[in-house]
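Two complexes, one shared chain (chain A), two partners (chain B, chain C).
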Partner chain A sequence: MLKKSNLILVTLGITLFTFLPNCKKGAATATLASDAASRVYVAPGEKDEVYAFLSGGFSGQMSVYGIPSARLFKIIPVFSVFPENGYGFDEETKDMLKTTHGYVPWDDSHHVEASMTDGKQDGRWMFLNANNTPRLARIDLKSFETKEILEIPNTSGNHASPFATENTEYLMAATRFSVPVPQASVPIDSFSKGGFKGTVTMVKVDKNTGRLSVELQVLVPGFNYDLSHCGKKKSHDWCFFSSYNSEQAHKMLEVGASKKDKDFILAFNWVRAKECKDQGKAYNFGGDYVNNFKEENKPAVSTRLSGVKMLNPKDCPGMMYYMPTPKSPHGTDVDSTGEYIVGGGKLASVIPVHSFSKMMEVKDKKEHHSTEIEGIPVLKYESTLAGEVKKPCLGPLHTEFDGQGYAYTSCFVSSEVVKWKLGTWEVVQHLPAYYSVGHLSIVGGSSTEPYGKYLIAMNKITKDRYLPVGMELPQSAQLYDISSGKAELLSDFPTVGEPHYSQMIPAKLIMDKTAKLFPLEENKHPYATKSENDARIVKLGNTTHIYMTAIRSHFKPDIIEARTGETLYFHVTNLEQDYDIPHGFAIGGAPNMTNLLIMPGETRTFKWVAPKPGIYPFYCTDFCSALHQEMQQYIRVSP
Partner chain B sequence: MKDLLFTTISKKNRLLILGVGVFLVLVYFIPIWSISISAPQYPEGLGMHIWINQITGATPYDLKNINLLNHYIGMQEIISESIPELLFMPYVLAYLIFGALVTELYPKVGMAALGIINLVIVGIVGLFDFWRWEYNYGHNLNPDAPIIIEGMAYQPPLLGCKVMLNITACSYPSYGGMILGLSLVVLVYILWDENRRKKSNVV
Partner chain C sequence: MMIGLLSFLTIIACGGEKTEESPASNAGSKGIGPVKSVTLGTLDQAMADRGKKQFEAKCAACHKFEEKVVGPALQDVTLRRTPEWIMNMILNPIEMTQKDPIGQELLGEHLTQMTFQNVKEEEAREILEYFRKMDLK
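And now, the complex of A and B:
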């Protein structure tokens, strides 16, 4: 069963952790469900049970799969341009990718978060982070389209993001790469002297519209804040952030950041933070950022904003505490009851579990403090500890919960998922993963009421799993059935981009609410053309606006005359009011625009500067009808 | 026979006639007839409702989509404004309802018989007109249509289902049509009931 490459990795792991007892014995208990094929088989025309939304890692996108079949349904462009449908290119969506750094058509998207109401998934929105150029996006689950992107100021590396509070009051975002705040050119070794900072940002989500805004930032010590999860039920007011490099090393982090036995999980009381803000304890701070919003059937509006309210932890006692956690913790996850905060220490030999009740009990008792860092009390490890899962595996990272009292932790180095019991901290099962698993996802696993049933493990390496396709092998995830006492491997499937994290939602929560079309009468696009009678060409000096309609199987107007150097805006409205009849629009040789896919009732604009004289065809690119191939016309460009 | 027609309708049957009048009012608010269309590329189907005064799609978009499909074969666009019958049909219905009310004031069996005759005439003329309308739409095709199939007409069925190319069209009375039919049944029942009552009285 174990392949050579995996053995090498495991051996490497063991060499790294020679102090660890060999904890590989459990791998033998893993099983492949004997009737796995039939359990993932979804017959033609039948629907999957669950939607899985996977981030694309370095693809900057989000993809939608059906579970258990693992069929890929859709790629939703979020932070990366998408030539297939014009996202990031056309006049409607190009402003979605604007930042204070200019137009940034790519990002590194790690974490998907589902909107929740009262701790339960509500199927309204998905949120996604952009790690590289700090941003946070809201994807609407009616149209499965990106509706809003908010840049996060005063941060660098938006990794611990976007983790939602129990009722989606706020999304949290924290700094991965601490930097001078505000930015400044300083010697890099001033990092070790406290010159670099991190921020924790509270992004407010409007309850009805979902609109995003920066509520408050908290200036925190310059560690690397890695991941977050917010509390639920009794821990509703709190969010927890893991951190590494509390050593504040600035070179050879591999060594420098791994010196201390323990780094921290930062416990942050966001209700208290808001209270301090309202009491005027936060001060005006700089920081430019951009908010891009695409209202339905309108061009995106990009707004440049400036300044935030900043709060120092010492000005708001009771807001933040550090809980020591071994060793370079990565994941921090809160169980469905809100009591247990599980740390995943990528170099740790145990899985430490903090107790929320214990933390509440001791947090303000001096005898339970070991020290204080920049106004943040550091609690004693034992004081908040509920228990430790001993010798679970090598390199525990992320934990998800099934709502039945069991937790599942991914182990990067030993390439497995361990199932253990909350309360007794006993490992009950080892499930091999292929290979080097990062995040896990259980259906509804981060809500208060997990739906359970399926778990996917998202892997980093796929050597020998699939037909080789050059040096970059397929990215992949694995599907397990966790509905019975013993979890079983059902399938593994390749994914688009690195499947970094995901949220899975029961299909019934979303499928009947999805939009089928944009009602034409509600189209508020300034350049909409709602009937063929209104199709027209308007010349304004050297600029021409073509109010064009598309319907099976023709465009109107269909003959366009232009002069070299003239700027033409093709405002194309799809007049169809039928499910699944988009029309496409492309012009031969257009250098700066890609294709457009225009949904029924939607208007989108294709900008084109007339090149050298000649005849240029334009045509429909989405096979729309029997006469799709005839849906083509010409532009004549004269000198 | 003559006696029967001038017999006063029983209290129970007068109530029934009042019921017929009230139910006929409903016909203003619900479709009379429905045509549904299904094809492999329309698994959810398309539908068209014929009301007393208009034609609509089963969903807000169905009529538009039926017309979009039809344009390939050169059928005229189906719009309520192009069907003059829809202008006077509401008055015909008003006449029937008026008849029911008059019967309340002048409750003679003959009035019920007149109602039957009216309904039958409306039914026959209506169905003939509907057939004629379907015939015209199905046969008057644009000679410049993109798809022309020799000898092919696209007349939908009057009642029942019919396959045309890859499309199955079914035509059935809708709730309004059922109310009209039921009204006829009720009137016939009244006639029968009155006749039976009269006979038993004689004996």
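And now, the complex of A and C:
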């Protein structure tokens, strides 16, 4: 039970630290490495050492930075429309944002996950979750484009997602906002009577193509599942999910969900789950969902799917165990050896570390069980405990590993990163963070072989750090060099949206494999025009297809005639076969459509309903050559 | 892209600084690129036909034979330039416009960087054969 005085203390802590930043300015420079500027300086023409992929939080996107320079290279649109290049608007990509709720052009993306082979980053794909309208996305690291989005059925608030198994066999997704499963209108207080449920979803990743599919769902007690990380090496078969609100409170959660001293980390044996499914222990369950797939140079194909295989924990003994973990845990992180499972209890005064070997030893021994919840044995806290980091900081959240035997934990309330030693559990360094740090990321820090060297902390508050820009200030990430015994702050930089988590990858794993263009010969778009000779206008009743080409510095055909109300599809193929020469396409005053950026060898479609009579210009928006301004023409609309 | 363009017009992106070469005698120049020597035989019709296809897909958007469009008119190009120079211009247009005196002059005149259209050496040879055929007319 939480003592009232503790609660007051925590509240006081939050209040204190919320106001403290205003007077903390001096500390910022005090801890900066003295040669920090030269260590983040990347000379003109030189390349960064590391790619950082940051989730965009409420922007719904993913951003790509170079580390150590912290230069922003790209924003990859994933769950939100992107007028800059037409993502979510054109005929090719608008179906990427289809869901069972209809077209959802925004989301809240929290966690970036890198694909791995044998526990090591392989530089093939990034995965990103959509929290609000539960979805998972796969981003291809050849083209840095979103290739697939899969909706997750029978869940709400897809927060503990998308965490990959060691070999990217599966991505895990678990429910944050428990709801009736299947959905139903019930009194909200039935939550407290067990009427709400969560699910853990295993999303299969095809190892050659990356294609995503729902393999299995497990119906779990209606707690809030917050984060996950999967095992490595000896713990390969397991994934671990943190949960809060095991009280199943449904109002005033900040009090109601903090009553118990401990919530749980759910240990899930996914290999066992698959085994039970294969033995026929899962049953057919409903749930509609949508899979959107965008093949290179083809319009996205959106497929509506129905039904999943559902498994109840009681029908699959040995699949799930709860490990009590103090208190409202956020992070659950597995170290590089696969032995330690570190909890981050937002309201805990210790960082609890569970031992995988101990868990294996005791999990099926009754004397180590305290109780059982809906068929899931609850292990005794002490039985799996490897150790506790005592009084590390206030509000420990999330831990990453450097592969050298050290762990780094972010502390939200006391705005710092603590470095501590695995095995001895002693804190060796406190690093101030400015301010209210959420997740951390070390290069390769969630793989079996961290590259280490850099750590970034993703902070929520930046008051007094940057030039003020009105009431909403940017969030920030702070870069530390962790290559020597003592971690040092190098720089901080504003970020896009509110970054929650990041994956950092050594540049050499990706940079030479990136695509430079789409080979025209391989363009399989049904409306591609591969030669200027084939450019043409095809009228079909009130619909007109314009097979258009773009090359420095003209479009063909360049004079278009239309009638008011006629629907025109401009299928524009960029004929360039030269790196870094996209062309743009925009029509003056076009409603419902934005700009298109068409990459070399690519075809994209601009849909336009001819408005009232007049002359409408269209033009290239991406400065392409000395005659770029001349890359313009007209559409005449007659009554 | 604006910045990219500016650097093209001044020093030109990745090639470093201009080399001081005298543009004196260009006539026999083989240009700069992978093609060092080409032996021409009698016109190979089949090869010229393949070259025509390539040309129409990858070059015709910017070149006509009889008049200048984006790039220069191509009639009689095989009389004006060596076969090596023509192929190197197709295969290595950026370096050619940076360093080859004729290439530099042509960029100054037409002001649009010729693009490398992902043409393979063998295909460039076919295009050259097509140019030869056109010049026989």
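Following the convention adopted for this analysis, the second predicted complex is superposed on the first by the 610 of 639 C-alpha atoms of A that agree within 3 Å, B and C clash if a C-alpha of one lies under 4 Å from a C-alpha of the other, contacts with A are read in each partner's own complex, and residues count from 1 in each chain.
The working rule: a contact is a pair of C-beta atoms (placed from the backbone, for glycine too) under 8 Å apart; a residue touches a chain by one contact, two chains touch by 3 or more.
Bear in mind the structure is a predicted one, so any value in this text is a computation, not a measurement.
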Task = Overlay done on chain A, so just call it for chain B and chain C: clash or fit.
result = clash
Query = Which partner, chain B or chain C, is in contact with more residues of chain A?
reply = C
Task = State whether A:590 touches chain B only (first), chain C only (second), both chains, or neither.
result = neither
Query = Which partner does A:622 contact after superposing on A: first (chain B), second (chain C), both, neither?
reply = second
Query = Can A:171 be said to touch chain B (first), chain C (second), both, or neither?
reply = neither
Message = Once chain A of both complexes is superposed, is A:577 in touch with chain B (first), chain C (second), both, or neither?
response = both
Ask   = Who does A:551 touch here: chain B (first), chain C (second), both, or neither?
value = both
Query = If you stack the two complexes on chain A, which partner ends up touching A:531: first (chain B), second (chain C), both, or neither?
reply = second
Key: Partner chain(s) touched by A:517 [first = chain B, second = chain C, both, neither]   = both
6-14, 96-104 or 168-176: stretch of chain B that collides with chain C = 168-176
Inquiry  = Identify the residues of chain A that lie in both the chain B contact region and the chain C contact region.
reply    = 517, 519, 551-553, 576-578, 625-627
Remark   = In the complex, the residues of chain B that touch chain A are 44, 60-61, 64-65, 68, 71-72, 146-147
Task = Sort out for me which residues of chain A touch chain B in the complex.
result = 517, 519, 551-553, 576-579, 625-627, 630
Remark   = Listed in rising order, the residues of chain A that touch chain C in the complex are 517, 519-520, 530-533, 549, 551-554, 556, 575-578, 580-581, 622-628
Note = Within their complex, chain C touches chain A through residues 1-2, 4-5, 9, 56-58, 60-62, 70, 111-113, 115-119
